[in-house]
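Read from first to last, the chains carry the letters A, B, C and D; within each, the first residue is number 1.
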Amino acid sequence: MVASAVIASGILNGVVWGLIIIVISLGMCLILGLMEIVNMAHGEFYMAGAVVSFYIVQWTGNWWLSLPIAFAVLAVMGLGWERGVLKHVEGDVIRTIIVTFGMSLIIMYTAHLNIVFGATSYRIPNPVPFNIVLPWFTYSGFRTVSGIIAVAILVALLLFLFKTKFGLWIRAGRTDKEMTSAMGIDIGKVSVATFMIGSAIAGIAGALVVSVAAVNTYMGMEALVYAFLVVIIGGLGSLKGTVIAGFIVAMVDSLGGILLTPLWAKVILLSILIAILVFRPKGIYGVWGE
Amino acid sequence: MASEFILETKGLTKAFGGLKALTDVNLTLRAGELRALIGPNGAGKSTLINHIIGRLHPTSGKIFFKGEDITGIPTYKALGKGISSTFQTTNVFPRLTVRENVWIAAQSPAKRRLNPLVHYKSLKDVEKQVDKVLKWVHLERIADEPAGERSHGEQRVLEIALGVATEPDLLLLDEPTQGMAAKESVDIARLVKLISKDRTIMLIEHNIDFVMQVVESITVLHNGSILVEGTPKEISDNEQVQKVYLGEE
Amino acid sequence: MKYSLTSEKPAERRNFLKYAATAIVCGVVAGVGGYFGGAAAVPAGVETTVTKTIGGAGETVTATKTVTGPATTVTKTVGEEIPAPEGAPIKLGYQNDLTGMLDLFGRSQDVGFHSAVDYVNELGGIDGRPVEAITEDTEGKADIGMEKFRKMVLEDGCVAIMGSTSSGIVTASLPLAKEFKIPYLSVGAMSHRLTGGTPGREGFTDVGNRWHFRLVSQVATQVAGYKEYGFEHIGKKWSTMYWDYSWGQSHDYMWTEAADEYGGEIVSHIPIPLGTADFYPYAAKIPPEAEAVYPVLLGAASIGYLTSIHESGYDRELGFVICLLDGIEAETLAEIVEGCWTIEYYPRELEGCKATGMGPETDFYRERCRIDEHGFIQPEGWMATNSHTWPAWENVFMMKEAIENTGWKSAADNELIIKYLEDDLMLKRSKAYPLGDGWLRKEDHQGLFPHWISKLDSNGRVEVVEKLPVSKIAYPVPKGVDYSTQEL
Amino acid sequence: MKRPTSTRGKAYISFIVVMIILAVIQPLLPPYYRFLLTEIMIYAIFALGYDLLLGYTGLLSFGHSLLFGFGCYGFAWMMRFYGMPFWPALAIAVIVTTALAAGVGAVCVRTSGIYFAIITFIFSFVLFYIFLSLVPITGGDDGFTFIPPPVDLGFISLEFGPVMLYYLALFWMAVAYIVCRRIVSSPFGRVMLAIRENDMRARCLGYNTYGCKVVVFMMSGLFAGLSGGLFAYLNHFVNAHYFEMYRSLFVLIWTMFGGVGTLVGPMLGAGIITLLTDYLSTLFRMQWGGVHLIILGIILIVITIFLPKGILSIPERVRRRAKKEA
């Protein structure tokens, strides 16, 4: 039988990892909610964030510095893709899926060239070299820190969305595009901003995991799957739902990994999904559907 | 309990949370009648219709159609019973041609309507029906153009065509003249009279003149319950009704 | 070792159009070929291996016979002026995973393969004919792998296909090799089943056939090699931690069997979903009584694993790390890999090679493949998967040897190549076979060669602890497997 | 989205012509391209079924690899475990896949739009994972091979071989196309269009749209199963990666690339994209991996932006351009 300490640390880790997953998914949630874009390249933005952060650490040796830089770089990247590509197909779900998939191919395999990042995996030395030692179990200091940072990001995002005029526009746009643009708000601008924020957040998430999980060019796919799970369970475009679903998914993964086989963890996730589908077709807090 | 009424609602009540949309509505409709359902906004007209076609399910009360209890049947069954309806907001198949629109409606009562292996043109009776309806509503000339690209008026007409094409016993028209110029609404009036020859019609309307010149009997709905029923004459004389309408103004 | 390198070399490596030029140049560099083969005697280890694992005098004979095999090649080339290769080129195809989950291995193999072909051309090609190297990208997907196999055979007319790192692709390609009668030398695919396997436990074990050879370590050799050291020197109570798919599962239960054999015990089996990013829950799952962990992970996963182990404050022996550090710069993991063992199928550090008696051939091989003394591919400076680069190199020379010693003329004679290779071929140390002491076993066509047990120090340097001779690697032939009796 | 009625006659004729051409040129094809064409024709069946779902019913499935892979496994299992002859195995593969589609469809179709896409995606992902780890049954990522039996036509039994495979694929593609053509021009096809255009209205016109959607999903599952079975037969090999996401994505890409809602388009798309990928990857085979995928990505983006209705809309565009100038 598994020791209580293990379960405790499993739960704690579920929380921390959940927070990271939430940060990953929030970007997608925003983009999906406002622009109705299923961003297949979201995982690649996350990967790009990790790569940027990795190089920053390589050059400066300072991980903390890499957080804002990853944020900035990915925001710019998001801006570029949105203006350059996505705005031509906005509003057409199917085409956006194909275009964003094209984007993900380009980003992934460009990073994949040896001259850019290559096929190997790297890790940066742990920037928080202490562990949190409780009488009955220890927990990684770095994870705790990244958890805290994740919370900070969440709070900042919520403040931005609920306290600033721009955030108001975003939320308004999410509930009713026509009305919003009728109110004389440039929905295009709002979309760009949303996309930038979404990708930038993904970038920070990438920077957060650089030391926990290794950096390599395929890390994006997994992240994408998680983001999808979270977003669908939480309900498209619902922040509250995303947060809750993030914790659910991470907990099932974390505890399922400890108490059961990973196979069962996956099966449980699927059954949760189906159950939610049957009882709440719009997800826990779905705000819009067809 | 078979009766002379084609449609009968017994104590129909619907509450959305605290707000009561319908309270104890007892509405009866004779076969072949042409009835208007009027009332100020929020009187519960559309809500009532949505109950009859099964899009909403009542909190309490029952709906009988030809003496058969149809309370809470799924929407798609209602038409099978012979109830068809049009919508307040134009609601057609935009990227299909007018003919295809009508076809889909006309096909609905057909026997092989879901057969995936015959060609749709092999449903001769449906084809006849489509031509007939198109002729009725004078839409032949635009029959092969995408419905979504036609004018609002034509789409309203198409709406009615969709309702009629299924050969219903009871046709529910929700504001047929909604957002129409006077001239167009005259056409609609003529059309409604025409199709009312061999079927029961209940229509919701704000355009009082239209109602007065078209229908035989009127039901006034107010705050979710029936205020008064009678011929256009009686209704227009009824000061209660005037109060309601003036009160609204 | 002084590592010198001209800057345009990498370009040359990849540009097959330059092969013609190389061919003309090779008259000048012919002298290099003088050493080809060398005259090293078969190490005693191999002799004993043959008698030990197969048993019976007959095999001993074959063994000694094959020793003289390469000798003929030697007499061919030693000292002679080598004419420029001419005539229709002999095309060797490489079904490579340049993208996809295993591309790490694919890229290193690409280097080994092309370097070897360049060198062969400098030596006057194969049988006087130039050699053309053809690589196709499988994207790590079985169906595309099969497409490429067909393409290289049917379109390009390759006479032999060297294999992919993905067991799936190899499994899929095996019937094609038989169908087209093309020698298929797989590199890196580690599923036990490709050369036998344990029926039942590993699902479908009848995949191998006579047209396939595998010169790379695989589950069976890895376990066979390390079980003794593991249970004698590291610990009795183990906890396995493996990717939850065929490769990992094979390792899991074979290590369990080894535990029974050595009176050890597996205290917990921890399967990990493929592509997990966060290993913490699984690391936390390791029971306290476990003395060592037996992880079966690759690339990014292994970093995640080591990090999590470190974070979860696991302070006991970090046991064997199968392939864990392939293509990973252990230096970047310094504090978290300290004191963990790994297995190498070719020492990453040059000192390791020297320390275990590998001679100038290794220097030569490393120079040709642009691998510096710490295992990086230069000048790009990325970490090679050294355990998979040399088989790519040696396979080319196996083909050369086979063709030149059998009077092979065209693809119609491919059976000769198979017969030659499966004749308990000895790969004795030379420029052609830098690893040395290799042995292609007759029955299951599995390549057997020394493995190295290494330990990582606090700066993440890999230090060879012990070299395991072939006699330790040579696991018994799986029951009922003898491809050499299949009809061609 | 093109209306099927307008292209119907043209499509039929061009299709028959193409069929004849394909049948005739077979001997002239170099062996590898004969194989590739066979593969493409099998993919085309897959794409056809997908177009029924996306193009005519407006359901964006994102987990079609689920059905394709299951078709492959259904066929391979029958071969491997029961040594069945060709036809029964194929039949069972198709039936099993259709049944699976019924189950998955019944759950997924409750939703629509992006939900439907993502949920089907998650389904396929989880099944991929399960197949990956159930090695003794599925062979996991190593997969397993089987001996392809001859195709018995009653009077003659055709040995497994490239030429036979070519005509087998051609035959099934023809059948699939004709059946799809018939479905979309049937009364039921009208209903599919109605659902695509306006689900609620269709329901009010007396159609049980939920049921219809499930049926359409089953239909597309049927074709996916057929194409999966043939694909497994062609390669006499299956592994868990047949469930991988890229397959779902590529069928979507084929469909969009060729022209959604025009049965011919998706088949064309399957062909062009497959050949293009093959060509690019050979063109860049001496570079580091991935270059051809970058270029594929660029092409996808460009095509999707500038040809929203797929390559089949090019002639129409040209005509419109001409009309504008006139």
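Odds and ends about this structure:
Everything that follows uses one rule, which is that a contact is a pair of C-beta atoms (placed from the backbone, for glycine too) under 8 Å apart; a residue touches a chain by one contact, two chains touch by 3 or more.
Since we're looking at a predicted model, the values are computed, not measured.
Looking at which of A-C and B-D shares more C-beta pairs in contact, the answer is the pair A-C. Comparing the centres of all chains, each the average of its CA atoms, the largest separation from chain D belongs to B. Here the CA centre of chain C is 38 Å from the CA centre of chain D.
One finds 43 Å separating the Cα centroids of chain B and chain D.
Chain A and chain D have Cα centroids lying 32 Å from one another.
Annotation for chain A: residues 109, 112, 114, 221, 262-263, 266 touch two or more other chains. Among all residues of chain C, those that touch two or more other chains are 99, 103, 106-107, 244, 271, 273.
Contacts between chains, counted with the stated touch criterion, involve the pairs A-C, A-D, B-D, C-D.
Those residues of chain D lying in contact with chain B across their complex are 1, 3, 5, 182-183, 185-191, 193-194, 197-198, 200-209, 212, 219. Chain D contributes residues 30-32, 35-36, 39, 80, 129, 132-133, 135-145, 231, 235-237, 239-242, 244, 246, 278, 281-282, 285-290, 292-293 to its touches with chain C in the complex. Considering their complex, residues 32, 36, 38, 40, 85, 88-89, 92-95, 97-99, 101-106, 108-110, 112-114, 221, 225, 228-229, 231-232, 236, 262-263, 266-267, 269-270, 273-274, 277-278, 281-283, 289-290 of chain A touch chain D. Across the complex, chain C meets chain A through its residues 99, 101, 103-104, 106-107, 244, 271-273, 275-282, 284-285, 288, 299-301, 303-304, 307-308, 310-313, 327-329, 332-335, 380, 382-383.
By the touch criterion stated above, chain A contacts chain C in their complex at residues 2-3, 6, 9-10, 13-14, 17, 109, 112, 114-115, 118-126, 131, 133, 138-140, 142-143, 209, 211-216, 218-219, 221-223, 253-255, 257-258, 261-263, 265-266.
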